[in-house]
Amino acid sequence: MIALLVEAASWTFLLLGAFLVLVGALGLVRMPDFYTRLHPAGITDSLGADFILTGLVLQAGFSLVTVKLFLIGAFLFFTSPTSTHAIANAALVAGLKPRHAVVPPRPPEKATQDEEAR
Amino acid sequence: MFAATAIALLVAMVLALVRLYAGPSLYDRVLAANSFGTKTVLLIAVMGFLTGRPDFLDIALLYALLNFIGTIAVLKFFRYRSLGDAVEEKAASRNKEASQ
Amino acid sequence: MEFKDAFGLFNYWIVIVLMMTGLYIVVSRGNLVKKIVGLNIFQTSVFLLYISMGKVTGGTAPILTGKPEVFSNPLPHVLILTAIVVGIATTALGLALVVRIKNAYNSIEEDEIQKLDLAAENEVDEPGARP
Amino acid sequence: MISAHLPILQVIVPLIAAPLSAFCRRAGVAWYLSLVICAVSFAISIALLIQVLEEGHISYLLGSWAAPWGIEYRVDVVNAFVLMIISGIGTAVLPYARTSIAAEIEPHNQALFYTAYLLCLTGLLGMVITGDAFNAFVFLEISSLSTYALVALGAGTDRRALSAAYTYLVMGTIGATFFVIGIGLVYMMTGTLNMADLAARLQGLEHNRTVLVAFAFIVTGIGLKLALFPMHLWLPNAYAFAPSAVTVFLAATATKAAVYLLLRFLFTVFGIDYHILGLTMTWLFTPLALAAMFAASTVAIFQVELKRMLAYSSVAQIGYMVLGMSFLSVTGLTATIIHLFNHALMKGALFMVLGAIVLRQGAATFNTIRGLGRKMPWTMAAFVTGGLSLIGVPLTVGFVSKWYLVAAALESGRWPLAVLIVLSSLLAVIYVWRVVEAAYLEEPPADSKATEAPLSMLVPTWILIAANIYFGVDAGLTSRIASAGARLLLGVAQ
Amino acid sequence: MESVINMALLVFLAGTAFAILRRTTLFSVVMLSGVFSLVSAALLVHLDAVDVAFTEAAVGAGVSTVLMLSTLALTARHEAPGTRSRAIPLIVVFLTGLALVYGTLDMPRFGDPSAPVHQHVAPRYISATAHEIGMPNIVTAVLASYRGFDTLGEVTVIFTAGIAVLLLLAGTIREPTTATKITAMEHHLVLRVVTKVLIGPILLFALYVQFHGDYGPGGGFQAGVIFAAAFIIYALVFGLETAGNALPGRAVRILLALGVLIYSGTGVVSFFFNKNFLDYSVLGATAQAGQHIGIILVEFGVGMTVAAVMVSTFYAFAGQNPPIGDEEW
C-alpha cells in the first residue's frame, strides 16, 4: 500500500517537473525580450529541476543514490540562480536595454528585437 | 514514466537549442546554453533510472559543476576579454563600445 | 541487405558522417581555431566508433554488481579513455601554437600567414623576420 | 637480474628521466642528465641486439599478464636494430646539441628543451619496441607531440617555425587518427590488439571488406607519418625551420621509426600472402617511391635554403626505402632495413654540418656558405664526405644500400627500375655539387669572420662521418643483421 | 525505446557538427563544440560507456571550452570567409567516407553479442576481474592493471602536453604588475560568495571521484580534471594573482613531474621483487591486496599529473596579455 502511494507520488512529481521544464523551455522561446526570458529559464532551473529530483528520490528510496540526488539538487540550488544573476548582470552592464524601457526611449522602432549587443 | 520525462526533457532541450540558434543578442545565447546544460543534467539523471543503473549520477553532478564554470568563463570572456587579470580601464572602454 | 540488417549498421554510418564532417572542416577551412575544432570532432567521432562496437544489446555498463548480467565490452572503453587524453593534449598544444602564431603573424588565417611568409621570403633572402 | 628486464628498461629509463629533467632549473644539469640517460639507453639497445642475435626473439609481459590480455613487448632482430639506430643517434646528437641549442633557443626554454627531447626519445623507442597495436599508437603520439613542440622552438630564430609546427600537428594528427581507425577496424574483426595474435587471427579473414579498409587506413596513416611522397608537405618546412639539433635528431630517427612501423604492420600483422599486399606494392608503392625519388630530388635542386634542400632529399631517400619494400623479396627488404641505418648516418652528419654553419653564419643558404671551404675546412670536408655517401659513391654506406636496391631490382627482373635508381643518384650529384661549388670554388666575402665550428660540434659530426665510411667499407655486420631481419619479416627460413 | 534515444542523440550530434561547419563567429563555434561533446557524453552514457562519458563531459564541456575561450580572447573572434575552392576537400572527404562505408558492409551488426570483439579477449576481463583484482569496475581494472602500461603512456602524453604548452607560452606570460591590482570580478559580490561556498564541495567531489574509481565511474583522470576545474573557477572569479598565491606556478610544475614519477615508481618497485614491470601483486600481502594498492597509487599519480597539467595550461593561457587592440575586438 505504502509502496503504491510512494510510486504515485513520485509519478506526479516527475510529471509535474517534466511539465514545468516544458513550460520553461517554451517560455524561453516565446518570450519577446532577453529580460523576460530570464523568468522561464528560472522556472526550469529551480522548480522544474526540484520536482524531477524529488520524483527520482522517491523512486530511489533510502540509499547512496538519494544522497547523490540531494547533492545534485543542492548544487543546482546554488549554481542556477547565480549563473542567471551573472548573465543578467553582464547583460545590464553591457548596456542591453529592456525592450519596453520605463524611460520613454526614442520613438519605439517597429518590432525589431533588442539591438545586437555583441 | 521515466521515458515520458526523458522525452519531455529532450523536447525542452530542442527548444533551448532553438533559442540558442535564434537568440538575437549574445546573452540570449548564453542563457539558452546554460538552461540547455541544466536540462542535460536532469536528462542524464533520468536516463540513469531509465536503464536501471542509478549510479551514473556522478556524471550529472560533474556536468552541473562544469556548466556553471562554462557560463562564468563565457561571461568573464565578454566582460573583460581575457580570462586572466584584466585591467579595469580596458573593461570600462569595452562597455562603452559594446553598448552602442 | 534487408532493413533489419541495414538498421544495424545505421549507427556506424552516422558516425562515419560525423567523421567526414570533422575531416572536411579541418581540410577546407583556413581559420586555425576552426581547424582544431574540426580535429576535435573528427577524433570524438572515432571514439564513438570504438564505443559503439563494444556495445551489447541488453548489456549494461561493465561494473560488476554481483548479479550475473550481460556486460558491454570494457576494452574499447579503456582504449578510448587513453585516446581522449591524446585528443585533449593535441588540442591544448594546437591552441598554444595558435596563440604564438597570433603573436608572431598577427593573424590566424592560413592564407594571410602564407602571404606574409612569401612576402618575407622574396623581399630579400634573409633568414626570415624576427618575431 | 637486470638482463631479464632489458626490454622495459629501454623505454622506462628515458621516460623516468624526462620528469626528473623537468625539475632541473639550469640547462647544464638537464643536458648532463639527458646525456647520461641516452648513453645508458644506447648501451641497453646494444645489449638487447646481442641478446636477440643469440636467442631469436625476446618476449616481455608487462604486469606479468599473458599476451593477448596484457601488453607484451616482442623484441626481434628488426626492432632491436632500429632501437640501436634511434638511441645511437640520440646519444650522438646530445654533445652536439649543447652549443647549438644555446645559440638558437631562448634561454628560458633551454632547460625544458631536454625534457621534450627525452620524451621524444621515449616515444620513438616505445613505438618501435612494443608488440601491441594500440600501445604503438600511444607512444607514436608521445613522440609526435614532443616533436611538434621541438619544431615550434625554432621560433627563437625564425617565426615560420610556428606555422610549420602547426601544419605538422594537423597532418600528423590526421595520420595518427587514420592509424587508430585502422586499428579499430582490425580489432573489431579479430577482438585482439596483440600484433602476433592479430596476425594469427587475420589468416581466416582473407576477403573481409572491413579488414581490407583497415589495411588501407593503416597504410595511409603511417604513410602520412612517414612523409610518403604525396603526403610529405609538412616535412620540408618542419625540418627547415626547426632548431638545427632537432632537425638532426628528427631526420635521422623519426621517419625511421615510422618506416619500421609500416614494415611491422605490412609483413608481421597482415603477412606476406595477404592478397592485397602484392597489388598495393606493385601498383601503389613502386610508382609513389619512384615519384618521390625523382620529384623530391628535382625540387631539392632548386632550393635556396640548405636545410630545406636536405629535407627534400630525405623525402627522396624515404622513396628508396619504400621502393626496397615494394620488391617483396629478401634482398629488397634487406635494402630497406639497411638503408634505415645508412640514411640515419648520412642525414645525421649532413644536418650536423648545416647546424655548425648556422651557428657560425646565422643561416645556411647558398650565399652564406660562399667560400666556407677555406674558413671552416673540417666542417665542409664532413659535408663533402656525407654528400658522397648520399650519392652512393663506393666505400660509403650510401653505396651499400644502393647496391642492395639495384640487386633487388635486377633480381625481380625489372631492370628498368635499376636504371631509374642509378639515374636518381645523378640528381643527388647535382645538388651536392652545387653546395661544394659554392663552398670551395667561390671567394669568401671579404668581411666574413667565419671560424671553424667548435670541437663539441665537430667531434660528433666526424664520428658519424667515420661510421659512414667504416660501415661502407665493412658492411658485413649491418647486412647480416638486415638480411636476418628481412628473412624474419618474410617468414623465410633463417 | 533504446534505439530511439540512440538515433535522436546521433542526429543531434550530426546537426551540431553541421552547425559548427557553417557558423563563422568563432565564439558560437566554441559553444557548439561544447554542446557537441556534451551530447556525445550523453550518447556514451547510453552506450554503457560510463567512465568514458564522465571523461568526455569533463574534458569536452569543461577544459577544452575554457581553453578555446582563452585562445579566442587572445586571437580573433571572426573567421575570415574562405577563399580557397571547396572542390578538392569535398572529393577527398567523400572518397574517404565511401571507403569507410564500404568497410562497414562486413562489420558485425550494432550490439550483436556474437561479434568477434566479445569472444576473444574481453570475456576473460569480465570473468577474471572479480577474483584476480577484486574490483567491481572492470574498466578501471583493465585500465590500471591488465593494460596498465597504456595508462602510463597516457600519463606521459598529458605530461608532454603540459611541458609543450610551458615551452611555447611560458615566455610571454605577463608578470602580474601592480597595474592589474584591480582583479576582475571585483564587484561581483554574489559570484564571489557562491564560489567560496562551492570550492569546498568541488574539491571533495574530486577526491570522491579519485578514490571511488574502483567501484563506480571515475578514476584518476576525471578527478584531476575536476580538481583543476575548482582552481580554474577560483582563478576566474578571484583573479589569476590570488589563485597564483593559492597554487603557485612553480608548485604546479613540480606536481606535473611528480605524478609521472609516482606512476612509474610503482612499476619499478616490482623489479626489486624480481617481477615484471607494473606487476602489483607484490605490493600487498596477497596478490589481490597488492592489485588494490597498486591501482590506487597509480590512479593517484594520474590524478596529480592531470590536475597539474590542466592548471598550468590555464595559467599559461590566462596569463598572456592580449596583443590585439580593442578596435579589432
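A, B, C, D and E label the chains in the order they appear, each numbered from 1.
In this section, a residue touches a chain if its C-beta (ideal position, glycine included) is under 8 Å from a C-beta of that chain, and two chains touch if they have at least 3 such contacts.
Note that the coordinates shown come from a computational prediction; the quantities given were computed from them, not determined experimentally.
Think of each touching pair as a link: the shortest run of links from subunit B to subunit C has 1 of them.
Setting subunit D aside while every other chain stays in place, the touching chains still form one piece.
Here the two chains linked by the largest count of contacting C-beta pairs are C-E.
Ranked by separation of Cα centres from subunit B, the top chain is D. Among the other chains, A has the CA centre that is most remote from the centre of subunit C. Separating the centre of subunit A from that of subunit D, both taken as means of CA atoms, is a distance of 59 Å.
Measuring from the averaged C-alpha position of subunit A to that of subunit C gives a distance of 34 Å. Centroids built from CA atoms put subunit D at 27 Å from subunit C.
Subunit C and subunit E have centres, each the mean of its CA atoms, that are 14 Å apart.
In subunit D, the positions touching at least two other chains are 134, 138, 141, 145, 148-149, 152, 181, 187-188, 193. Residue positions of subunit E touching 2 or more other chains, listed in rising order: 50, 72, 74, 100, 104-105, 107-108, 115, 117-118, 121-122, 125, 147, 150, 153-154, 157, 160-161, 164, 168, 191, 198, 205, 216-217, 317, 320. Annotation for subunit C: residues touching 2 or more other chains are 19, 23, 53, 60-61, 63, 75, 79, 82, 86, 89-90, 93, 97-98, 100. Two chains count as a pair here when they touch; such pairs are A-B, A-E, B-C, B-E, C-D, C-E, D-E.
Across the complex, subunit D is touched by residues 19, 23, 26, 32, 35, 39, 42-43, 46, 49-50, 53, 75, 79, 82-83, 86, 89-90, 93-94, 97-98, 100-101, 104-105, 110, 113, 117, 120, 125-131 of subunit C. Interface residues of subunit D, counted against subunit E in their complex, comprise 1, 5, 8, 12, 15-16, 18-20, 22-23, 60-65, 68-71, 106, 108-109, 112-113, 115-116, 119, 122-123, 126, 132, 134-135, 138-139, 141-142, 145-146, 148-149, 152-153, 181, 185, 187-193, 201, 208-214, 216-217. If you check the complex, the residues on subunit A that touch subunit B are 11, 14-15, 17-19, 21-22, 24-26, 28-29, 34, 37-38, 41, 44-45, 48-49, 52-53, 55-56, 59-60, 64-65, 68-69, 71-72, 75-76, 79-80, 82-84, 86-87, 90-91, 93-96, 113-118. Residues of subunit B that touch subunit A in their complex: 1-2, 4-5, 8-9, 11-13, 15-16, 18-19, 22, 24-28, 30-32, 34-35, 38-39, 41-42, 45-46, 49, 54-55, 57-58, 60-61, 64-65, 67-68, 71-72, 75, 78-79, 95, 98-99.
Subunit B makes touch with subunit C in their complex at residues 51-53, 55-56.
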